[in-house]
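Just so it is clear, A, B, C and D label the chains in written order, and each chain counts residues from 1 on its own.
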Amino acid sequence: MRTIDDFTRPKEYLSPLDEYLGRIVREWAEKEVIPYRRKFDEDWKDHHIIEPAFRKLMGEMGMQRVLFPEDLGGWGLGHSNYLGTAAYRLFEEISRADSAMGVAFGVVFWPLILICCEPHVNRRLCEEFAPMFCETKEAVFAANAMTEPQGGSDIENLDVLGGSTIQTTAVLDGDEWVINGHKLWPTNSGGAASLFSVVCTTNPGSRDLKDFAVIFVPANTPGCTQGSPYEKAGMAADKNGDIWFENVRVPSWYRAFGPGEDFVYFLEMVSLGNMGSISFVSGSMLNVYEKLQEFVNTQYFRGKPLKEHDAVAGVLADFARDLEVIRIIGYQCARMLDRPDIYGPRWSHENVAKARAYKYFACDKAVENLGRVMNLLETYGSDRDWDIEKHWRDLKIVQLWLGGKQLAQMEVARWFFECETL
Amino acid sequence: MNYQELFPFPQERCEEADISLAHTVHQWGEAELASKRLELKEDYSRLIEPAMRKLLVDIGLQKILWPESFGGSAQNAPEIALPLTLALEQIGWADVGIGYVFASTFALCTTFAMEGNVQEKLVQAYAPLFCQSGQPVIGALILPSLKGKDSQDGPSFRGKALQARANQDKQAWTIEGRNMRPFNSGSNAQLFGVLCGIDGESDPAFFVVSGDAAGIKRKDVFLKTGLAASLNSDVDFDKVIVPPENLVFRGLQPFRAMLSWLYLGISATTVGSLFAAYDILKEWGDNRVIKGRGQVFKENPLTAALMAEIAMDILTSRMLLYQLAQMLAQPEVYGGAGEEKVFIPALCLATYITHAGEKAINSTMELMASAGYAKEWQLERYWRDVKTLQIHLGNRELNKMEIARYFYDCKNLEGGI
Amino acid sequence: MNYQELFPFPQERCEEADISLAHTVHQWGEAELASKRLELKEDYSRLIEPAMRKLLVDIGLQKILWPESFGGSAQNAPEIALPLTLALEQIGWADVGIGYVFASTFALCTTFAMEGNVQEKLVQAYAPLFCQSGQPVIGALILPSLKGKDSQDGPSFRGKALQARANQDKQAWTIEGRNMRPFNSGSNAQLFGVLCGIDGESDPAFFVVSGDAAGIKRKDVFLKTGLAASLNSDVDFDKVIVPPENLVFRGLQPFRAMLSWLYLGISATTVGSLFAAYDILKEWGDNRVIKGRGQVFKENPLTAALMAEIAMDILTSRMLLYQLAQMLAQPEVYGGAGEEKVFIPALCLATYITHAGEKAINSTMELMASAGYAKEWQLERYWRDVKTLQIHLGNRELNKMEIARYFYDCKNLEGGI
Amino acid sequence: MRTIDDFTRPKEYLSPLDEYLGRIVREWAEKEVIPYRRKFDEDWKDHHIIEPAFRKLMGEMGMQRVLFPEDLGGWGLGHSNYLGTAAYRLFEEISRADSAMGVAFGVVFWPLILICCEPHVNRRLCEEFAPMFCETKEAVFAANAMTEPQGGSDIENLDVLGGSTIQTTAVLDGDEWVINGHKLWPTNSGGAASLFSVVCTTNPGSRDLKDFAVIFVPANTPGCTQGSPYEKAGMAADKNGDIWFENVRVPSWYRAFGPGEDFVYFLEMVSLGNMGSISFVSGSMLNVYEKLQEFVNTQYFRGKPLKEHDAVAGVLADFARDLEVIRIIGYQCARMLDRPDIYGPRWSHENVAKARAYKYFACDKAVENLGRVMNLLETYGSDRDWDIEKHWRDLKIVQLWLGGKQLAQMEVARWFFECETL
């Protein structure tokens, strides 16, 4: 029988770790997640069922350590030429079981990319935070505190706004930054994260990108509080909530880099975040393929399995086709971020715009396909016991985050058509 | 202007009283549900039962089909299609699940209570339940379904498995079915409408069965993605015995007539939920500020363009909905609800409307980003509900076989509804 | 059954005489065009002029708006919308370009000949041309347009460049315009309708100009993708002088009223061309054999599924078309053709119908593979024509600004029609 | 200003010839085709204007020789690891100017692939036909005579029909094949081709693929006649017509290989044909991008270039995004055919099904996008002087050929869902 591994990946791009990572994570997913995931929705607040699976993956198997340098207890992925493709495989396998776990895990990479990745390793911060992730068997989460109450993902709209709408402020007081502000919605907030990268401004209202700052704040720093998680349409394993910073003080060297540079490497987070989103999409869709195969093989119409009906097969073909395309595009995106020597820096406007294009392509196609697949199942489509409605809900959420489609469209239009006033 | 004025419908064909009923239902929705949105999120099941009682019993929507002698309002002529549509739009606006449960129950009852179909014994048996019990009454449909290989030995209808069999013994009928999955409300329906296979006969028969009949076993309520007001569960019929008059009809045409009414109900409920999505989006568009330049959301051309698409979907869906209502309301012009020339357009229109609904709400969610999927904003509930309504029309590809057969005179296409 | 019976329309609202007129037009189309398809492919221009003459002069469609005293049939009340729709469906079925040219000319003439707008001097001036000349009469519209940077110094209307300017000198008006691109038939129109900017005034004015006026220069007919009956060319107005009564209206509302009628015409022509595509596909589906197993094309579930989609697009488009016709026919219920509450739905419906038309014919071509693009099968002509009709509604994204403004009460959105 | 070269190609895959080929063909297109192409539609029958451009490209620049071995006067592309990607670039550049020229040229490769490509070079036939292509400055066309009057592209539907519907017969009479039959629609028929590969059966009605034969027939062989070209919605540079074979006699060794093998390598033509179709799509779309850029930069709305209107920019973004995706998929497809060592033989069911999936994806997206782009131009969209309506007509034709979408869907469903009765 055909399996998910029959879908194409550009084999030239795969990391030497690919097979190993894929295998252990798939085993973990089969054993620790898939048997329990139908109960995840009701576990959204407490994570009683979800937490042990995270612990296994991140703490015990050590996936939360991969970005750190080897000498600090990590796996050195931040130094490799396979950051994108290795992460893609990892996220894809996790998301096949549960894309909320995919994003919760993936976002741990977000702040760490800033400090662990060539060519901009911040060794001092690596040393500072490596123990938090590398010297424990517990799952440790990080979060990127970006979005603010008014304007949503506007902050990502850097071409237009130059950071001028950021309300969270950082003031240097002696050797310390004093941070004040209110963030909401970040993945791994709602009480999950132990470490934040906080997007803030050193000069409120400024459009000078030198005033754009990313500062690390351990979650237990006095003055930093997290609200309860929000209830959402899906993605129970990903907690989102409010974070308040009230006169939070951290050492001055907790700023990722410094004026100008924080902004540049923040763009790298955007391109990698978009790549990660594609991996959540293809991972989920691979599992939909498996469930769909089961459905169309076992459910009968007029004495034949449903897949033998030509018109149904047409929908199956479109689904397989689009999953092929999404996956190839996802790996191409990962490759472009793996190899700045060939495709330019990860933070170039070109790579950011293209990653956004691929992401919103993947999401549009996923939403369209999942809608059609739900429909093939008739009323079973809405029943939790076929799992497909879960992926349907989750993938819709992937489509909406990172500023949603419209912000992506504007960035793509600006790059390819050099629009100047959008 | 509100949506009632913005989205044209053939007001010249509607009675004052019907528009007034819709207004009453809207007020009900506002008082019982819309104004309690946050409570609803926390404690849906506590609020939903009293809301249904107010609507069905106090306002009396469940009385419409029944004779005045039982306390009903005797609106069982086809013209009921227009007031039904007006009311279901408002129910759908307030709660899609209630709309769906009501529409299904209504469709079930048309089979023996609609003018032209009236079966006196059944009317006498069930009218008191609807008009005098003081309880909201829910009817569940058990229709042909895709099933596993094992089912292929059992009876089928147009390619799908019939979930039950009936056999006549002396006068009474005995109905048997295992692990049947009703279309709605398996756990709490007071009556069932079941399409059954009969040994040795090619046409199936449709039975009405009281929910308290001996031998009915209901399983646990299962989890599903939407339509929370429909508490569904698998059901066993273990030698359920029903009197001969409970065999309501045999064959294709009356089955299709019931479906035409169900399609109208699903379509009207969908359009109602689009009004709710419109209201939510309107509020968002009026208040959200983007681009950090004080640009109100709705004033951005790109988001406005998508908002326009959504409005167009609502506009066309509503117009087509009323076209369907008018077809069902005028059998003398268009034919009866079970005739192919009405049933097929009804299927086409319901297919269009439920897909336009999916598209419109999908786009609305896009525009609202995180607020689109946060339960707090309620939109995601309509999204889950509308999709679930849609799949109750059945597998679209198989349905298209019905449609192609009609329009292109195909002879050998398999399957369908 | 043919498409007239398969695709429901509100027959109860249509007069016998109107249905009979549609029948006459269908026979014309059959005799003059459909039966001559291969000749048409070889020698379109030779056949088209006599066909137009038969339709417009002999059958007399171009006489409908004008007073009986001139030989017209005096059908200039809004109820003309329904018979117009019935007739344009049939013209579109036979030849989309003729439908478009007629619909544009009709829309132009509504501005001064429709009940409520009647301008006696203009009616007296032009009724004889339509009723007594014995020639098919073509009117071309010159409307605001996207233009290059240079045009930005000139007059504009709602964001687009006005192609001409008018200035009053004593009594007469002088109209100037260079390289104007009419919407249709620039090379052979007998009259023009031109929206002109006027110095110092914010509202533009609409003029009717006789095609033989001194100073009109027509360029060569240019090549374009569809609507072969519309022989278009750029036009210069070099100090064209017109009398004061030729200023038909000023401002937005009457402009929109004209567009509403144009949208109805484009929509009806599109639906007609879908009937033609249906006929072609039906013949193909009945006769083509695939899979080498003697399976007739229409009996294959996958192709049947797409055929069903096409039928659904035709069904919804036709229903919405008649909804639009009924709105225009009943200003007392829905408002006047130029009011926002009619104009915006008209724009929405025309947008829907022309896009559903594009989709349906695209799918039909898919099914017919090489026969879809071979000129011999004619389908590709409808495909080019329907797309060209659609783009005559204007840039869809800019149009959506109009729609969003109406439905969401936007204040600052730029542009539109 | 952004150019078409800003659209992504997987750089790792490009042939060493890529830059050179791209440059010379682009120069040819700018000089020999683009200035004249608005007159091509009326030249569909005679090719008075079209022919000289073909002569330059194929005969003088020698592009019709590239597949043949070097020692026979060719460029040796049939021996290289870059057959797919080099051809992709070549076809794409030609199609940017005129996709009908792209296909007319591309189809010259079709019969030649059979005999010129590793690992199945038919040296004797290479030697036989190399002079026809390599020793002339005239454009020489080849065609693959496949489709028959009844059933259209059914012949390609080999999984289902096993060649049983082929009506064109080949009977061995001594040392010669005697061929009888009627073919229609092949590219480069209608009088253009000098050489045909003829798909025929040695045993009419048989489902045994050993009876499936591909036999070479020079167009001037007695008994072989071509009808006039058909008039089509577009693609004037691609002539299509009828071909009749009446007791056509060719030497027995003109059969490509022999029982079984003819069929296998015919599948390779299918996968390469689908890949080529994607290149025609992306090539055309690249030119649409150029024309669209010109339009939205020079046409004004409310005092600003059209591209500065956010809603219009949304459509521009979708167009750029989809072109990115199509092009990446096209190159991935080419790569998969370049490297059988990594992705399996070009004729594997997997590669055939996937190539079909990518092709019908590209075509669906192209048709959708061109429809939207036409609409952006308002009434200018239908005017020939913006060139876009030309590509709109041409790309629709690409969508419809090769059996169209439904045949592709069935093949994709059969492969990914193992349907058995479709």
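Convention: contacts are C-beta pairs under 8 Å (C-beta built on N, C-alpha and C of every residue); 3 or more make two chains touch, one makes a residue touch a chain.
Please read all numbers here as calculations on a predicted model, not as lab measurements.
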Comparison of C-D and B-D by number of C-beta pairs in contact, larger one: C-D
Suppose chain centres are the mean of their C-alpha atoms. Which chain sits farthest from subunit C? A
When the centre of a chain is set as the mean of its C-alpha atoms, what distance in Å lies between subunit B and subunit C? 39
Distance between subunit A and subunit C based on Cα centroids, please, to the nearest Å. 50
Interface hub residues of subunit A, defined as touching at least two other chains: 309-311, 313-314, 406, 409-410
If you look at subunit C, which of its residues touch at least two other chains? 300-302, 304-305, 397, 400-401, 414
Inside the complex, what are the residues of subunit C that reach subunit A? 300-302, 304-305
Taking the complex as given, what residues does subunit B use to touch subunit A? 41, 145-149, 151-152, 156, 159-161, 181, 183, 222-227, 289-292, 300, 302-303, 306, 358, 362, 365-370, 372-376, 380, 383-384, 387-388, 390-392, 394-398, 400-401, 414-415
Under the touch definition given earlier, write down the residues of subunit D that touch subunit C in their complex. 38, 41, 147, 150-154, 157, 160-161, 164-165, 185, 230-235, 240, 298-303, 305-306, 309, 311-312, 314-315, 367, 371-372, 374-385, 389, 392-393, 396-397, 399-401, 403-406, 409-410
What part of subunit C is in contact with subunit B in the complex they form? 5-6, 8, 10-12, 282, 285-286, 298-299, 301, 304-305, 307-309, 311-312, 315-316, 319-320, 323, 326-327, 330, 333-334, 341, 345, 348-349, 351-352, 397, 400-401, 403-414
Quick check on the complex: what are the subunit D residues that touch subunit A? 1-2, 6, 8, 10-13, 289, 293, 296, 304, 307-308, 310, 313-314, 316-318, 320-322, 324-325, 328-329, 332, 335-336, 342-343, 350, 354, 357-358, 360-361, 406, 408-422
